Amino acid sequence: MSLNTFGHLFRVTTWGESHGPALGATVDGCPPGVEIGAAALQHWLDRRKPGQNKFTTQRQEADAVKILSGVFEGRSTGTPIQLMIENTDQRSKDYGDIARAFRPGHADLAYHLKYGLRDYRGGGRSSARETAARVAAGGVARAALAALVPGLTITGYMVQVGPHGIDRSRFDATEIERNPFWCPDAVAAEGWAGYLDDLRLNHNSVGAVIEVVASGVPAGLGAPLYGKLDSDLAAAMMSINAVKAVEIGEGMAAAALTGVENADEMRMGPNGPEFLSNHAGGILGGISTGQDVVVRFAVKPTSSILTPRKTVNQAGEEIELITKGRHDPCVGIRAVPVGEAMMACVLLDHLLLDRGQTGGVRGTVG
Amino acid sequence: MSLNTFGHLFRVTTWGESHGPALGATVDGCPPGVEIGAAALQHWLDRRKPGQNKFTTQRQEADAVKILSGVFEGRSTGTPIQLMIENTDQRSKDYGDIARAFRPGHADLAYHLKYGLRDYRGGGRSSARETAARVAAGGVARAALAALVPGLTITGYMVQVGPHGIDRSRFDATEIERNPFWCPDAVAAEGWAGYLDDLRLNHNSVGAVIEVVASGVPAGLGAPLYGKLDSDLAAAMMSINAVKAVEIGEGMAAAALTGVENADEMRMGPNGPEFLSNHAGGILGGISTGQDVVVRFAVKPTSSILTPRKTVNQAGEEIELITKGRHDPCVGIRAVPVGEAMMACVLLDHLLLDRGQTGGVRGTVG
Amino acid sequence: MSLNTFGHLFRVTTWGESHGPALGATVDGCPPGVEIGAAALQHWLDRRKPGQNKFTTQRQEADAVKILSGVFEGRSTGTPIQLMIENTDQRSKDYGDIARAFRPGHADLAYHLKYGLRDYRGGGRSSARETAARVAAGGVARAALAALVPGLTITGYMVQVGPHGIDRSRFDATEIERNPFWCPDAVAAEGWAGYLDDLRLNHNSVGAVIEVVASGVPAGLGAPLYGKLDSDLAAAMMSINAVKAVEIGEGMAAAALTGVENADEMRMGPNGPEFLSNHAGGILGGISTGQDVVVRFAVKPTSSILTPRKTVNQAGEEIELITKGRHDPCVGIRAVPVGEAMMACVLLDHLLLDRGQTGGVRGTVG
Amino acid sequence: MSLNTFGHLFRVTTWGESHGPALGATVDGCPPGVEIGAAALQHWLDRRKPGQNKFTTQRQEADAVKILSGVFEGRSTGTPIQLMIENTDQRSKDYGDIARAFRPGHADLAYHLKYGLRDYRGGGRSSARETAARVAAGGVARAALAALVPGLTITGYMVQVGPHGIDRSRFDATEIERNPFWCPDAVAAEGWAGYLDDLRLNHNSVGAVIEVVASGVPAGLGAPLYGKLDSDLAAAMMSINAVKAVEIGEGMAAAALTGVENADEMRMGPNGPEFLSNHAGGILGGISTGQDVVVRFAVKPTSSILTPRKTVNQAGEEIELITKGRHDPCVGIRAVPVGEAMMACVLLDHLLLDRGQTGGVRGTVG
């Protein structure tokens, strides 16, 4: 992975700024013959789209994706697929007053120091708006996965908002699409709604934890040692705006477990070895085992808040800054489809890598 | 990052198995003119070396590193540096009985499925022994960093063993080298000693959390969007054996914070903007800010334990397995120098990348 | 270099098909602060543009380039620069009759076998139309080179059309822009005009040799051993449509020279070592020496001709095929600006690489 | 391809200097399960070994290759294969007198300028001795190709020494191994022997042209646009020491052909489309067509000659230099096995890439 490209064989390069004419993804390495249509990609973009409820930014963007290349008569040709999303609701004036100030928690200062100049409009390249391009690319990855691995599913959902986690005993996958938080626990979702309303009224924001689970992942994906499946997933999730931590399986909690507790014991099932638990999150030695691949990541609170914070500006003056605009009180909500997209891209990439390197060799058991 | 190589410009390829004749690292991209000697590299390897106290594996390895290329008259020439460590204490017989069994929590099954065959001796390529090569490569990175960024320091230590964390109010950096746990809290270290003794007597093991801090890191390192400094650190740490989670700054705890709490406010100091806190862990928008870069990672408990666990073997038989041998009760201990090495490699890599891409441009403030 | 991307740090990914809605280049790694405008890029595109005289295809394309990202207030920001060129004169019907036939000398059969399907319209991805994207990206590279290495020039010209080479004793650089062949020998250019007229009347085409020279290239560019400057130039030029050979300096002729003849002797000049000849083409050991970098490449005759040729179609029928359409009698003519663009991209890439890896270290002489 | 590594999925990193303790190749990405033994690799190294006849350097090197990792019980495991060749006949004293002089035609000055220091012993990293590591890696590639593509053969031979080319009408493949020049024309070989004897007596050297042909290459290899098979072959061959030009198929001669002449017409054969000629050298649009892949490259005359040449030294003094030592009068001879090795590496790499990206999809004809 390097710079604005991620992936080894399924390579996605995103481009574009928050307030430029367009943004998009150059997708190289999609296998040929995959059915891909703008409508199918749009389905995923619509899930991420802002302005759909009061808990996400009120910026209005059609987020309409155009396929400029690489698809012919509805199928991928094996050549680069260019996905473009034009920016329509840019409202540059909203951001004019902070053109020369460094917002706390934002990349403003870091970009200024590194590059000597920056596109300050809406955060420029560092805006979460870039994640629309990821979701579009993830749609391509999903289409290819659907063709190559029938039955593979990827599901993301929120498991924590601020200090309030879900109750796993109430986990109901059918709830996920029923509330604005992609929450599998209907009771928790209700609590979050009130909690976020209060935060917004208080000009505040909060962090969240998202979990993404892939089921039906074939065993054998992952390229040890430095292209391990978990290593690439960690890089992919950590690259999402505002993410501060990534966990696989037990994650940080693994530190507190003993070896006896943490062992995922095995037995023989009808189709080969079966695990009795999944502390590992479906990955051992960097390679998928066939169990569910389980990734979690923490998103920090939205940095753009209406509460004044101390900072400095380019002139070196100390100021107090309120970040006006149309911001998500919990940016984690819109990170759910993004996490799913990254999972799809990484899995497809490793599927292609594995068939390249091993030809899909699989050792037998029994 | 791909396969057995990591890094963009400072590229490290490790090679070798636990019980082969040797292992090592092919280090490509070290800047020319850096003073590098085997003795200096050995210093770092000795810190990781097994068998130094009762809390780490009793395998005896000299871990003597030889420099086979890339260094001339004590200085790097800009050509690949080959670092070789010969295996001396291999004791293959210890492992013979598990040649065809899949140890729970190990990569045995995953490697078997992916490759159809595997070097079962001591875990082969998936053995933590590979991390010796990382530490050697990290020594090269440290030497280059010392030449390029005087004052930069990298310090790793354990902050949690099993459920027992350190008390941050007792943090004393001078303690780190005084106990076998690289623990900055002398009181906690004492508790851990007793706790680990008990675990070992009970044929058990436990996980840990390691923190690595880099101070004196210049602002501007990190290549957004998919070569972000935090993204590369996440990949690097997650690639270490047994690691299940990576945190930057607040990490998972960021989810529970509000935007008001999490904002790292700024003021002007004598040398430019200063932060009043470091929730971000020194990285914003994937770029270093000049603050301490703070990374934590969780290591799962050693999977090799003397308590019998249910599993299957290659013949498809269900068995109970005890993993004999000379194993660490807490593999996290020896992960401390490895985490430091990965930090050194990633920082040097981004230093070279940054001067390549920006020429070291730095925006001014004030 | 891999797939649809070339370059190490200055990375160009081209995308798009001959008859799709658009094509372009995603340019990642342009240093920040470089002045870049659509007008300046257009200058280079206009040189390559078809339909400008009777010796190139009569397809009419505005080849108007749009900058969609990465440039703010006229300067590069260090983020990806998306360059889009919309296709306007597609005339799909011209190509309909060969949708299922494999044109001799074209990539039709190869793409069909590899991918199982292909965008047959105008050659799809394998069309020379793709080179417009290269020229646009080359314009970005030229702008960055102009900022970083004042005085560096890149000049391409034709030195042979069919069997007719230029007379080096008549070489006059000012002639290059005065004839439709980028020919530095006015007499030869006149001869070529008549020769090509005859060929076209006879429904035939012919090959050519292009030479590209870069002057003012700093010593020290090139990353041995597998990113040698000549190795990367060879890959870059060979990637251009219809190119069948690449030469550096003496090229193939070096085989016939003796060591005494081929030695580029040196003396001391006012600014350091000077060479008395340039058989090496400015590159020794894969590294630039400060002399002119001299590359030549041979372009095969245009495969699309009005003379019937035997071939087969997808149904497996043997047919005779005439490739109608608006084709260049000598596709080498339009390859001149493309070769210049590739030279610019490779030089900038190695300039960035070198400052990344060596920091611009230069050994002293005297 | 970048720096000291080449290949996309089959990645070879060579390391080591002419007069260091050892040199070798780190081979990453060999598919698992391939039979690999040191003896088989040695077979290829012995072909390249110096000192075998009076036409190559009299340096005596056993060139014994050791496999340090990645092979278990005689088969590749899918992990990195470390190949080490210890240097035994280093005779550093031979080179001491030119430690601070820049030999014409050598990389001395270029390395000095780029890196500020260099390992001057025997040319250090820029010595043709490095090609031993390529040949060892090529042996691994050949073993994998033999397992994956039965019937594929790779044959290299010399077609020109100085101005003296072979007579293609006398081409006899069985002659290639019968003379010290890998020459398929027995009459030409005899002439070359006398010619080279004379050159050596006159303290001179000469260039050569090598041709490498791969037969039985499956259609569909090559990853357009910037990982084209011909583009990667050009890079690979140009990376060999002293190579100044690379040709595919007709090569430079294609410039003089007309479209009617150059067209490789097709007919239907029993197994699909067949070509009536092979001007293309087996590659169209960067993708193999199933015909013989034909590559030629020109090697310049050995730069180290006993005839004095004008040059400068590090102190800036103008001197006359004789390069003593044990040099090949025609370094092209030993380049034959190296060219074969590079062909093997590139073909295997593209075989793995193709099955990764397309899964081996092949369009049908008829």
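Some observations on this one:
As written, the chain order gives the labels A, B, C and D, with residue 1 at the start of each chain.
Keep in mind that, in the parts below, a residue touches a chain if its C-beta (ideal position, glycine included) is under 8 Å from a C-beta of that chain, and two chains touch if they have at least 3 such contacts.
Quantities reported herein were computed from a predicted structural model and do not represent experimental measurements.
Among the other chains, the CA centroid farthest from that of subunit D is the one of A. Between subunit B and subunit D, the centres computed from C-alpha atoms are 39 Å apart.
Distance between subunit A and subunit B, defined via averaged C-alpha coordinates, is recorded as 26 Å.
Each chain gets a centre from the mean of its Cα atoms; for subunit A and subunit D, those two points are 45 Å apart. The set of subunit B residues that touch two or more partner chains comprises 3-5, 14, 29, 32-33, 78-79, 114-118, 125, 224, 358, 361. Viewed as a contact network, the protein chains are fully connected, with every chain touching every other. Against subunit B, in their complex, subunit D makes its touches with residues 3-5, 11, 13-17, 20-24, 26, 28-29, 32-33, 66, 68-70, 72-73, 75, 77-82, 84, 114-119, 124-125. On the subunit C side of its complex with subunit B, the touching residues are 9, 29, 31-33, 78-79, 148, 224, 352-353, 355-359, 361.
By the touch criterion stated above, subunit D contacts subunit C in their complex at residues 1-6, 8, 14, 102, 104-107, 109-118, 125-126, 130, 160-163, 199, 204-209, 219-220, 222-228, 230-239, 244-268, 272-273, 276, 279-281, 283-290, 298-305, 307, 309-312, 314-318, 332, 354, 358, 361-363, 365-366.
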